[in-house]
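The following blocks contain the structures, represented as structure tokens.
Each of the two complexes below includes subunit A, the first together with subunit B, the second together with subunit C.
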Partner chain A sequence: MRSLPFLIVSLVVAAIIFMIARTFANDYVFFAGYTVLQFVVLATAWNILGGYTGYVNFGTAAFFALGAYTTVFFHKAYPLPIPVLIVIAAMVSGLVGLGMGYLTLRLRGSFFAIATLALAVVLQTLIVNWDFVGGSRGAYIIRPREVAILGSYIQYLFLIMLLLSVAAIATARTIERSRLGYGFATIRDDELAAEAAGVPTLKLKLIATMISGAFMGMAGAPFPYYIGYLEPASAFGLPYAVNSIAMPMIGGTMSWIGPVIGALLLGTIQQIATVTISSAVNLLLVGVLLVAFVIIAPNGIMGLLKRGRRKT
Partner chain B sequence: MLVSYDLVLNALIAGILLGGFYAAVTVGISISFGILDIVNIAHPAFIILGSYIAYIVNAQFGLDPILTSIIVLPIFYLLGAVIYQVYYLSFEKRGQDPLRGLAFFFGLLFITEVLLILVFGVDYRYVSAFYIDKTFHYGVVDIPMRMLIPCLISLLMLAILQIFLSRTFMGRAIMAVAQDQLALRLMAADPVRIKRVAFAISIATAAMAGAFLIVIQPVEPSIGREYIGRVFAICVLGGLGSLPGTLIAAMLLGIAESFTATFYGPSWAPAVSFGILLLTLAFRPAGILGR
Partner chain C sequence: MSEQLLNVAGLGKRFGGFVALDCVDLAVKSGERVGLIGPNGSGKSTLVNCLCGTLVNETGSVTFDGRKIDGLIAHQRTRLGIARSFQLPRPFLSLSVAENLRVPLLYTVDARPGRHRMTSAELHDRCLELLRLVGLEEKAHERPVDLTQVEMRKLELARAMAAEPKLLIADEAMAGLSQSEVTDIVALLIRLNERGITVILIEHIMRAVMSFSQRLVVLVSGRKIADGLPEEVIRDPEVERAYLGQ
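Take a look at the complex of A and B:
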């Protein structure tokens, strides 16, 4: 399928999902759905860099929090509508990704991974020391009760995240089938050979980091309105980093569908586990699944399916 | 701005003591990441595990935390050997891309942290030992014993490791594995076994570092994350796998953090290591004593 028809189909699917969600009288569907969709965006964004080029980003939380704190900043300074905030958040996170990538991507992949880990700690330090956005105390964001046309505000947030998911998935899929995506794949398979064959690897890696970071920031932008109270420890929480790595790894990193499957699966399981068991146990579950999958099924669920098909 | 001489001197000494401790925290990474090229980002989590073991034994039997860590060294050594074996069979042997190895260690880090939270909660834990609240006063200089003792034992540990790596056959083989595995195999040494020993040693050092950590400050499960930036900053700055380099870099970072904490406030200290890491990666990726 070409990109445009795919986009239209995804939008139709999104519209159907939204309509089905509306039939539930309960707002909980939207709250839970928002979290799952947020992970779809984060996992897809992570996979654009991690899955396509093979560079591991442990700093999802940093980019996500950048987006969230962009919103907090503007909420205090000059309130803007969420779609505008999303665009600004994308630019901020994209630029940070670009800057960090420029400093570390010329080296071995592990250096980049380590730098992203450290980035989260440093940005957290900056936010903790920045009183304007709440410092370590956190910031309250009062969300409007109602919004025009849709009624409840959570439905509006859900719709935004749904559209973001479509945008992220469509972008990932388009990249995968473009010259850019083939370039990324050469980096993943053999960077040295790619460089020797004339692939501008650094430029491609920077593009991937920028797109990936931008989407993570976009996922974070509506978050303060969703959560109502944002503090550094939760915005920079390790669960974001773990989930956004675990989901593509479990779903399969080779194509756009992997992270989506992983995010829907793990996201839903976690929503159920958080309610029924406890949130610490569900995080443990994610960690164990991640380790189990990388050891036993390196290509994730998609890899297992492919292997199964070949056998029959 | 007029800066008091006492303040600077005390910050310098505190930095050197802190640096000695950082050297113990980093030496494991210098071996696993620097020498073996295994990006063990879970190392800080094992350090915290070491802290909690020291805490349990201290709370139950009143045993000295550092003595405890020496006793549990063999257990951590075994743990390291097992982890390396899993890592080798699942990633190195299959020739899997390093991406999955990284995800593996990240998963271990996360599992360890969450398990500690599940068992002990997020409260800060501390140990008691006779020297913890004692301080030497020497003129204007204060030397807290809880910093001095970890620093001295850490220096001793580094010296032993350095002698081991440069003088013994196994130590030299470990250094050789970093350079040329094939050549090592031609000398009839099994690179996998040597790497297993080296990795096990690197995890064993985490037991010591964990005890030092809980002597120096109260510990809670997620505190290990603060050390990820530090250990890799020190390891890279020190020149990947050079123990003297690690020590110098640890001292530098300790002093830099101590001055930052003294003059700008402790909440800025975590940013120092990242700044150093980025600058090193950007301008001198080979580190101070790079090969």
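Take a look at the complex of A and C:
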């Protein structure tokens, strides 16, 4: 299916999902759904760099928090509507992604991963010491109760995240099938041979980092309105890094479908666990599933399906 | 009169304390067929890596097609017209055989100034044409992991050819091939040469080197010890001692 028809189909599916969600009398569906969709965006964004080019990024939280703190900054300085904040967050995170990439993409494998982790820590330290956005005291953002047409504010946030998910998935899919996608795949497979074949590997890696970072920032922009209170320890928290790596790995890193499956599966399990047991058990679940999949199915769920199809 | 395509002057490369290449000079004329031989560890692959930009040489300079290419990275040199095949095949495992050839077409041939972007159909046809040249047409949609060693070497060569180079460096492309396969590859390289591609053949199989080369260069312990007509070079006593055995 070409890109434009896919986009239209995705929007239709998104509209259907939204309508179904509205039939529930309870707003909880939107709260839980928002978190799951947020992970769809983060997982898809991570996969553009981590899955397609093979450069594992441990700094997802940094880009996510950048988006969130961009919102906090503007909320205190000059309030803007969320869609505008998302665009600004995309630019900020994209630029930081470019900068980070320029510094770290000459490093290979585990060195790159460690460098991204280090950068996340640097960013967190900067934010903790920045009084205007609240520093370690955190920042309160009072969520408006209602919004025109839709009703409750959370439905508006859910809709935004739904549209962001469509945008992220459509972007990932378009990249996958394009000239850029071939370039990314060769970087993952054999960077030396890719260079010898004429692929400008550094330039492509920078593009991947920029796009990946931008979407992570976009996912973070509405977050302060969702959570109401933002503080560095939770904005830069480990769950973001771990989940955005685990979800694509469990779903399958080779195509856009993997992160979506991983995010929906893991996100839903975590929401159920939060409600039934406790939210502290979430990371344990992710850890156990990740270990299981790495041992049994290193290519994720999509890998298992492909293997099954080849046998028949 | 064919002009000089490649001029290597005083090329030196060290790995820590180990001198891999020691002041190597090499001049290759456009359209020439040069054979490069030497014992294992003599620096042949290091020389190729320095020419192609995969490694950076410490001393010396390389001029290609009239311009100094020192400082250019590998993909820039490929776009200028130097292509190489790797000694141990390095295919793109997640792509199909045909897609492996698509990559240099997309990123080298298409990227050259003055070339129009090929359509998907043109790319597909060109991939199949190249596969036909090396006899891999039937395997177009298979994965490299399902190919035999010999087929992988042919894919490696085809991928280098796909970049439409002016200079093709074949690094031990025939290791492990049968007699008839070696003859086939030599014939293929001669056909490419007739189309105007300059070829440097690095090989251990003397039969192939002698039947292919117009000029033979011998590298021992990082130094060039002979450079001339093949029949004269193999009778050189120093070459016999170092490489061929007395």
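As a working rule, the second predicted complex is superposed on the first by the 312 of 312 C-alpha atoms of A that agree within 3 Å, B and C clash if a C-alpha of one lies under 4 Å from a C-alpha of the other, contacts with A are read in each partner's own complex, and residues count from 1 in each chain.
We adopt the following convention: contacts are C-beta pairs under 8 Å (C-beta built on N, C-alpha and C of every residue); 3 or more make two chains touch, one makes a residue touch a chain.
Given the structure is predicted, the values throughout are model-derived calculations rather than measurements.
Judged by the touch definition given at the top, the superposed model places A:V294 against subunit B, while subunit C stays out of reach. Looking at the shared chain after the overlay, A:R188 reaches both subunit B and subunit C. With both complexes placed on chain A, subunit A has more residues touched by B than by the other of subunit B and subunit C.
Looking at the shared chain after the overlay, A:R2 reaches neither subunit B nor subunit C. Within the superposed three-chain model, A:G50 lies in touch with subunit B and out of touch with subunit C [touch as defined at top].
Using the contact criterion defined above for the overlaid structures, shared-chain residue A:A196 touches subunit C, although it does not reach subunit B.
When the two complexes are overlaid on their common chain A, residue A:T104 makes contact with subunit B while staying clear of subunit C. Residue contacts after overlaying the shared chain place A:R309 against neither subunit B nor subunit C.
Residues 188 of subunit A contact both subunit B in one complex and subunit C in the other. Within the complex formed with subunit A, the subunit B residues making contact are 33, 39, 41, 86, 90, 94, 96-100, 102-104, 106-108, 110-111, 113-115, 117-118, 222, 225-226, 228-229, 232-233, 236, 265, 267-268, 270-271, 273-275, 277-278, 281-282, 285.
Contact residues of subunit A toward subunit B in the complex are 50, 54-56, 58, 100, 103-104, 107, 109-111, 113-115, 117-119, 121-122, 124-126, 128-129, 136, 188, 238, 241-242, 245-246, 249, 253, 280-281, 283-284, 286-288, 290-291, 294-295, 298. Of all residues in subunit C, those touching subunit A in their complex are 52-54, 73-75, 78-79, 83-84, 86, 90-95, 99, 102-104, 106-108, 111, 159, 162-163. Residue ranges of subunit A in contact with subunit C, taken from their complex: 179, 182-183, 185-186, 188-190, 192-201, 254.
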